[in-house]
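Once you scroll down, you'll see the structures, which are given as structure tokens.
Here come two complexes built around chain A, the first alongside chain B, the second alongside chain C.
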Partner chain A sequence: MKKQPAIGVETLHMTMRFGNFTALDDVSINITPGSFHALLGENGAGKSTLVKCMMGFYQPTEGQMMVQGHEVSIPDPKAAHAHGLGMVYQHFTLVPSLTAAENLVIAREDAPHRIDWKKERKALDAFMATMPFNVPLDQPVNRLAAGEKQKLELLKQLYLGRHFLILDEPTSVLTPDEATELLGMVRDLTQSGALTCLMITHKFREVTAFADEVSILRRGKHVGGGKVSDLTTDEMAALMIGDKSFARKADRSGVRGDCVLSVQNAVAPDRSGLKSIQIDDLKVAAGEVVGIAGISGNGQMELLETLTGQRPLQSGTVTVKSEPFHATRSEARNQKVRYVPEEPLHNANAPKMSVLNNLMFRNFDNKADGFGLWLNKRKMASRAADLVDAFNVKMASLESPIASLSGGNVQRATLARELSDEVDLLIISNPCFGLDFSAVADIRARIMAARNSGAAVLLISEDLDEILELSDRVLVMSEGRISYETPIETADIGVIGGHMAGHA
Partner chain B sequence: MTDAAKTMAGPAPIKGSNSSVMEVWGHKAEAFLLPFGALLAGLAAFSVFLLFVGKSPVEFYSLVYKAGFGTAFSWNNTLSRTAPLLLAALCVAIPARLGLVVIGGEGAIVLGGVAAGAFGMFLPGLPGFMGIVGMFLCGALTGALWIGAVGAMRFKRGVNETISSLLMAYIAIALMNHLVEGPFRDPASLNKPSTAPLGETYRIGNIPGLDVHWGLAIGIIACIAMWVLIERTTWGFAARIVGGNIRAAQVQGLPVGLLMVGFCASAGAFAGIAGMMEVAAVHGTANGSLASGYGYAGILIAFLARHNMIAIIPVGILLAGFEASSGLIQRRMDLPDATILVLQGFVFVAILLSETLTGRFKLFQPHIGDRS
Partner chain C sequence: MSESDIGLWAVPIAMLGGAIRVSTPFIFVSLGECITERSGRINLGLEGTLVFGAMSGYAIAYETSSAWLGVLGAAFFGALFGLFHGWICKLPKVNDIAIGIALMLLGMGLAFFFGKPYIQPVAPDLPALSFGFWSDVPQVQAALQVNVLFILGLVLAVAIAWMFKSTKIGLTIRVVGDSSDAARALGISANKVRLFSTAAGGALAGVGGAYLSLYYPGSWNEGISSGQGLMAVALVIFARWNPINCIWAALLFGAAGALGPALQSVGVSSGYYLFYAAPYVLTLLLLIATSSTTRALNGAPGELSISK
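After this line comes the complex of A and B, so read on.
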């Protein structure tokens, strides 16, 4: 590999408008060679727009890009690559069935039609020798752990000769240990002068622990930044959030009641059909939040599906308040059980139907609520309007398709539907995935309010911070089983992380 | 759309405001104008086709008008052909509202007709309306079982309903041929194997004052009834949730399987009734003429009507007019009668293309600018 030093990139007065909406407003950011620069901002602050302009996915309405002090034009991602700019995405872009070596070679723009593997292998080994870390080259990528895949993504960019990397929330699918390791590697590379890095993130811990400099965007504007060492977390949060006020996190109150949900010796096939998930003993009592932590793909989805009746049990029982529970509509209604699956737009709503209709999915046929065989449109409309007010859902009109709402508002609408009326058991999965800061605070407060008024809450989440913030008891799910349990008082991040990674 | 554009919160919601009304009318206008535009585009493309074969599009469309809608006689002809088309279109439109693309209504029509014919043959001489009622139920039940099976296979085993219904239509036609040429054959039917002719009390007559049989009334009533069921009842709403997102329906605990099989069966019942009407009102006996393509024309009508049961009525009449004109076109313009199929093909492709344009026109999206 050519020893090319890290490159610096600067944006000057970058502005991006979509129609009459300004996504990016006069943003000038200087990322000096060899720095590890964090880009902080809520969802929708313009971070993605900015990096997409830098990578040539978008053409900025105004403004210039400077690479190594020279003005350049980046009409498309290829041009960005030619200047040595690369990007690592939140989700993997590797071919799962190919080996790491194959993935690296085919990613090259000059990959030959007929690949001389002996020669390539030699070149790869030489390349790997210059790298501070390693991944197994001969394993198919689908056998690698998430952390190794992300390392391979990083290696791929270096292999392709990129010296300026944009990392888009690179740790969202990693365990805390894996994240620490990956970001440590990136920092070593930047400190050695081989790489400049711009990292999009939501996590202050990553900024303070790894980044040299930070830029903060809010509503498309560059509102501040500087050396990380000069800023406190509170100052960064204040810049990021601005003068918005949040729904304050509800305090814990009430007493733990009787057991509501009980899963005993439940066995169900997993997604692949090759393995099974097995829940020996899971209980959730009234007035408590039981958080199930775990890295995605360890059986959480299957657990949720068995509880929502989408995946039949091979054996074992699910009971709610000591009654057998099969998740039929009448059982869920009588026992006051509610579900909020992850990505509610695609799993709990009909995207093309109106907000109004989506809000009424749970109650449109509820006789106890005064609905009968005939669809009572007037009553539905007034009920939906009340829900929208109570849960502060923002949209153009009740008749807009729910797909036109932002993620936070879709989740607010879903919670409005599921948390209205009395709730005895709430089963909720990754409620804040991909949502912005203020929506997250709002939605977590709603969950806590349900708990404090006596609901049993089963929270399945890949976000450990969320689990630790909300749970009364923390469980870890790994390889289809519940491998660890602790009350929140004695929860320790290191121990939980170890169990999440499956080595503890 | 960028996430930036998504998150900028719009103004607070306004209950039942102008924006709601505009949104509703925007969707309604789009739902009408897109398929209407596609129909015009299809007709225009067909005109080009006519010019290529050296015929005048002007003459063609004026003949269609004359033969389909020009005179009282042509209206009678058109409306007689409308009845089975409406019922066949329902067989497509009802499953479509649950997200299922069922295109094998022809099979249910054919078997419904055979079942009705067999009923009339083996149970002749029932008093009063009993014969007609019996044939009606036989046709409906057979169609319901046939398309209900398509829904059940889809729900239980994940069998693609489009393929299975299409292939089952071929099975149905083969079955019909076997039955009318074998066990159900009237020995007196020599040239064209058929069931025995129906008795006088088993025949369905014309609507008073029209030269159109009662099937038209049945078809229109069926369309209106299904519109009410789908749009105005909680059952229909549940079905639409299934069509909107089957996972959401499951999470809500709705009886997805029951809804799928039930609505597919009702769709099949209407197609079966169409077959029964052909037997009781048109042919007077069940034979190979039952497989005359009404089931396939129904697909085009349902898509043109965007699976709206009320819209099926005018669209069905329009398409029936095209079909009614094929004889005249054949004689006057020296074009084969398959010309109408070419026209239907052009329109269908235009309709499918227009579906991809949904949501692309700002005119119909009053709030695209301030989406929150």
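After this line comes the complex of A and C, so read on.
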């Protein structure tokens, strides 16, 4: 890495309006050179808008940008890069079919016209040797798991030698150890004066443990901030949330019932087709949450796909309430199995169809439910309106495309649909990935409520905190197998972490 | 036994010769389409480009008495068609497949209109190299008459494969084809890259057309193409967007296409038309055999309107 001094960036009275809507309102933030600055705020508070203005994706309606004390204009991201500003996005910007090495090289401004791979590989290997973690360079990016992609995104910015880095929730896909390692490395870089970092986050732990300064946005306004050492977590939370009440985490109640889901000796090929996953014995009983922890890419996605019928089993059986289960629509309906896969916008919804239609996917043709051959628009609308109210989904109208909703509201809408009827088995994967504070609390409370009313819940999550908060039993998946199991009472983070890392 | 009587050996030899002869336009069109599709667009108009290339190549070769100038002219007009396609497609709410079909019909119509006066005259042929000098068997000698364009196609395939892997231009095309968002983040103008990729694809399709009218079958008429431009699109998918695979796919197609005439030449005449369908049946069977429900379609550019 080049040891150039870190860059200081300042926004002055930045305002951004989209039509009548003011996304950013007179925000002035000073990020001093070599600092690790956290940007806190709920979804929709204007954090993304602010950094997009800084990176040149949007032109602010009013206000200026200062880099190193000089006013600059940033008409496009290229100009931002030229000033040494870089960003790791929440949505991956890697090119899926290119290998990691190709992604790194093509991202360089000075990428040579003819690429001498031998030379480039040598340089890349030397660069990787200075990094605290590794990513396989010869794999196409679409074969990498989410966690590895996030690491590669970060590596890319460092490889490009950027001196002011915006990180958009960088640790949401990392294990606690990886997150600590990654942020520790970023902090070391800031302290050595090589880098200034602005991190968007929801996690207070990361702010207090790593950041020097913090700025808090609420509804587009800069409502406070300062040195992290001068603020308590409660003060920061109060500034971030304002006066609003949360859905409280439901208490555990009810008794564990009979076994609902049983997976026996199941073998299925994994995504690459080279390895396989093998689940010898997985049981989930009514009224319990079984959490499957694991670093992404250890077969959780494949497990979910075998349960949802998207991936055929080579051998073994999946039964629900002692009946064989192949995840057909009628089986799912009769045996009351519901799913919330990760990234529900794309995996559980039709993004461009209306919220109304998406909410009614489970029911619109269900005779038992009073629907017939023809779509009953009026009944669908009243049903959907009830669900929206019950689950507190915020949107412009029931007719707006579900893709226009924020992540938290898409997840609420998906849960509303999946939990609308009686549910005996709920299979859920990374339900809170990328959601803000209050949405997370809300979603988790819904899951607990389903458990307490007698549903068997299989929770696959890369967020260990989530697993520990919700589960009655914790399983760890590593290299396609379930390598560890413990009741929550005896769960130990160190032991679980060891099994997640594959050495214990 | 006379020297030319080689019995059933005539079939594989004729198929080899046919593979080389028939495959050349497939090679050029599929390589062109490969570049275009890797940039994230489908140009179905290549059939029209091919026919117009055949006509313009023939006309220019006739007027200038130089087959090579004809090839260059065909490439030029092909590039124009490609630019036109690329330019329309960058307008908002335009579908590349619909435009492709419109351009296919336009290209053929224009070719028939301008080509009327050139149906009678005879233009110079493209040269061929004889690789069959070591054999006394006339069938072998005939089969190994290899046109220069075929060799050029092989070289081009290797060059394009290298370009995709080891040049900035190649990587840029792949970035644009795989993710517009990523391209934007890198500051690459996706439309510009696609415009030039479509132009390059059109130029190659034009050359493929010139081969048809200037070498095999070697004359200009309205029925000169038997759908090579469209089949090449399927070929590219079958070749998994890999230029080297395009060669094998084109050769396989050529060989299968030569099966009918070859069998006829040794006296098998029943089911004659069925054998002409061999390439299409073969494609279907191979695509089914190599498909998988659990593995992703490897190599498909993410921005392609069929894979989105």
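We adopt the following convention: the second predicted complex is superposed on the first by the 427 of 504 C-alpha atoms of A that agree within 3 Å, B and C clash if a C-alpha of one lies under 4 Å from a C-alpha of the other, contacts with A are read in each partner's own complex, and residues count from 1 in each chain.
Just so we're on the same page, contacts are C-beta pairs under 8 Å (C-beta built on N, C-alpha and C of every residue); 3 or more make two chains touch, one makes a residue touch a chain.
If you're wondering where the values come from, they're calculated on a predicted model, not measured in any experiment.
When the two structures are aligned on the shared chain, A:Leu425 is found in touch with neither chain B nor chain C. Judged by the touch definition given at the top, the superposed model places A:Phe364 against chain B, while chain C stays out of reach.
With both structures placed on the common chain, the touch criterion links A:Lys394 to chain B but leaves chain C unconnected. Set against each other, chain B and chain C touch different numbers of residues in chain A, with B touching more. Contacts of A:Thr93 after superposition: chain C is touched, whereas chain B is not reached.
By the touch criterion stated above, A:Lys78 is placed in contact with chain C alone, chain B being left untouched. In the superposed model, A:Ala332 lies in contact with chain B only, and not with chain C. By the touch criterion stated above, A:Ala350 is placed in contact with chain B alone, chain C being left untouched. Shared-chain residue A:Met301: touches no atom of chain B or chain C. Note: no residue of chain A belongs to the chain B contact set and to the chain C contact set alike, using the contact criterion stated above. Within the complex formed with chain A, the residues of chain C that make contact are 165-169, 171-172, 174-175, 178-179, 181-182, 184-187, 292-296, 299, 301-302. Residue ranges on chain A touching chain B, taken from their complex, read 18-21, 23-24, 42-46, 48-49, 52, 219-220, 308-310, 327-333, 339, 341, 346-353, 357, 361-362, 364-365, 371-375, 381, 385, 388-389, 393-400, 404-409, 436.
Contact residues on chain B toward chain A in their complex (touch as defined above): 1-17, 19-20, 22-24, 27, 231-238, 240-241, 243-245, 247-248, 250-255, 366-372. Listed in rising order, the residues of chain A touching chain C in the complex are 76-78, 81, 89, 91, 93-98, 102, 105-107, 111-117, 142, 269, 271, 273, 311-312.
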